[in-house]
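Presented sequentially are two complexes of chain A, the first with chain B as partner and the second with chain C.
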Partner chain A sequence: MFKDMVNKQVLELKKLWANKRQLTFQLLNLAMIVFSALMIWKGLMFATRSESPVVVVLSGSMEPAFQRGDILFLNNSVEKVYVGDVVVFKIKDRDIPIVHRILKVHEKPDGHVELLTKGDNNRVDDRGLYAPGQLWLEREDILGKAVGTLRYVGMVTIALNDYPVLKYVLVGMMGLFVLTSKEG
Partner chain B sequence: MAKKNKKSGASVEDAAAKPDEAEKVDEEEEEEEIEVELLQVDVGDIIKVKQILDETVAGTFTTEDVSTYGQVIQLEEDYSHENIKLFLMALACAFAAVAQFGLAADFPKNRLWLGVCCASYFCISGILQLIMTFIDKDCIMMTKPLSDPEAIKRVKNGGNQLMDKYGIRVRSQFPRFSEYYTVILEFQGKDPPSEFVKQTWSVGNFFDVDGFFDEEGLMLEVEKLYRRFEAGKFDKPDGNKTNSKKEN
Partner chain C sequence: MHTVWVRLNAVVFFGLTVLLCLSLLAALSKLGHANRHQPIIHKLALNSMKSLKNHGGVDRALLSFDLNVDMNPAFHWNIKQLFVYVVATYATPTNPKNQIVLWDRIIENIDSTNADGKGDGKIINESNVFVKYGLVDQGAELRGKEVELSLMWDHMPLTGMLYMGGQKEGTASKFVLPEEYN
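And now, the complex of A and B:
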């Protein structure tokens, strides 16, 4: 039965290849679908001023408020962050963003702000995580303040990251489906 | 669209056709010794059924095979509308590609351009949707007006005076879960209400219980409909066909 499905799809693809105009149309259709998703992401980046408007919680350091696998929506267009805000930050020259809570805010007379963070479920503050010699975070290190959350939805992302082959399988299947379904 | 010639070997075969079905096809060929494989579809798949019907209807107007009436319709398909859509799609993709790949580098500085590209993408995408919903509606094909002087003379003598001015708009309707397929031919580009011809068939006329598709049968019926149009025998707008529930 699976072989039949595969054969059918191959036939559809061959038929598509023969008709260049239809092929172009379906390829552009597929491109538009992919780009729609990307543009929504970029639109969110534009609106929230954050380079990563949606993140997935990877560790359990913020339990019980956030669990591994939760999705967080960020907003970086806030001017100041305050004690108690849940923020996502990146330490300079490191890839992985961290989601923790603001513990201390020091505002100097010249307007410069220093921040200290700590995970709710951690025993100590984040100074151990910062770069060697760094004692405080700056506002620029903050990717955004958490303004919304969806529980467990991020598990899909974690699975896709742990087993990269799933990514290709998923995208391949979706692409094939769009190319050979002719509703457009 | 796959061209089904009466020569062997050039037909589209469905991989699910088993050997005993090839014999069945042999039986169905009365006088011809050459075997034509019939396309088989899952009749439950209404999208595929409509797609096959639409493709055959569109193919009837452009095919070079000689029909049983001894003449081919041979109209030229008008691609201008589709080209506009393709261009808009490509333009939207260009904006999106710039936003995705070109502006990714310095994010906070390029924020404004990013916004412009995103907004353009969504605008063009919206325009495309509007075109497809309100302008295309149920149209499956458009043809150019007749340009061959001999054909024009013949058609004008036959009764239809406008075929060298306007192309034909071929519309098809196949409501979900209904067994009736309707084809409407009307003038493209003429201010509404345009003269039209309309015909409804049950899909049972063209598909048997196993899903084998009678392409020839449908092409014959469509040609009959076209000849009515060509002869100027238009339908009345209040619908003298028993199936029309809405007036046109």
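And now, the complex of A and C:
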């Protein structure tokens, strides 16, 4: 059964290789899908002014509001952030951004702000998570304010990160489908 | 080509599209709910000042407040929980605007009873509630300052947009911190 299907796919590929016009068409098709995805991502980056407009929640520190695997849509084009806003921030020299809620805002006369955050499910504020000696976050540390959420979608990303092999399998399969599926 | 794979692919993607559309509709169905339904705030005011002290160069005030609010109107079928919090707002020469969360509570849509197992969990009617987080300034400028207490809440949906709600401008209660440490 499985072998049959593999054989069929291989046969399709061989046929495709023989027909160069068809091959070019399918390759262009594949390229279009890849570039559309890239364009949507870059477009979102532009619209939200955030370097990552969509993030996956990786920890349970905001439970029960957000669970591991939920995705959040960020907007960084807001000029000011306020107490109670859920924001995603990045600590210098650390790769993984954190999703937490703003607990304190101190605004200076020149509009500069100093912020303190805390996870809803954590017992203490985030000073322990900041860089050594860092007491406050600044506006520049914030990647965006969470404006929307969609559940479970991020599970795919988490699975791909935990099992890198899955990544190649999935991408390979998708590429194969696009190449071998014919219109009509 | 009508292989099993192509069909499986079609079914999975159709299913995902349907789910996405339904989520979108669920999110859109309650658009503007906050304009029509506002929680009823009966009371939010200072009960008593416990202390105002200077710890290592920063001022810290501890206090308690009375809160009586019915959060039921803010809920609808796409709300997973409300994050309800009390904010203290004040101004100092160093920082023209300071906002500090003094107390917060998560009210989940499913838990309809209070912590003690009776009554409606979406109605908060408590007096002399001690703050969860102290009113801590960045410097030593709290003495004699006027502080405004206001209630705010964040709507956390099952799926869709997050949006804020808060006490109307001008209805928040105010109090003045003591002139001396005590």
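Definition applied: the second predicted complex is superposed on the first by the 183 of 184 C-alpha atoms of A that agree within 3 Å, B and C clash if a C-alpha of one lies under 4 Å from a C-alpha of the other, contacts with A are read in each partner's own complex, and residues count from 1 in each chain.
As a working rule, a residue touches a chain if its C-beta (ideal position, glycine included) is under 8 Å from a C-beta of that chain, and two chains touch if they have at least 3 such contacts.
This is a predicted model, so every value here is computed, not measured.
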Practice task
Please work out whether A:L103 is in contact with chain B alone, chain C alone, both, or neither, and reply first, second, both or neither.
Solution key: second
Handout entry: First (chain B), second (chain C), both or neither touched by A:R49
Key = first
Exercise for the section: Please work out whether A:K20 is in contact with chain B alone, chain C alone, both, or neither, and reply first, second, both or neither. Expected result: neither
Exercise for the section: For A:K8, select first, second, both or neither according to whether it touches chain B, chain C, the two together, or no partner. Expected result: both
Practice task
Could you look at A:R123 and tell me whether it touches chain B, chain C, both or neither (first, second, both, neither)?
Solution key: neither
Exercise for the section: Quick one: classify A:L38 as touching chain B (first), chain C (second), both or neither. Expected result: first
Fill in the blank from the handout: chain A contact set shared between chain B and chain C covers 8, 181-182
Exercise for the section: Spell out the residues on chain A that touch chain C in their complex, using ranges where they run on. Expected result: 5, 8-9, 12, 64-66, 82-86, 101, 103-109, 114, 120, 125, 146-151, 177, 180-182
Fill in the blank from the handout: So, in the complex, the side of chain C touching chain A is made of residues 1, 3-6, 9, 23, 27, 80-81, 83, 85, 87, 94-101, 104, 106, 108, 133, 138, 152, 154, 156-162, 164
Handout entry: chain A-facing residues of chain B, complex
Key = 1-2, 12-16, 47, 51, 79, 82, 86, 89-90, 92-93, 96-97, 99-100, 107-108, 111, 114-115, 117-118, 121-122, 125
Exercise for the section: Mind listing the chain A positions that touch chain B in their complex? Expected result: 4, 7-8, 11, 15, 18-19, 21, 24-25, 28-29, 31-32, 35-36, 38-39, 42-43, 45-46, 49, 51, 181-183
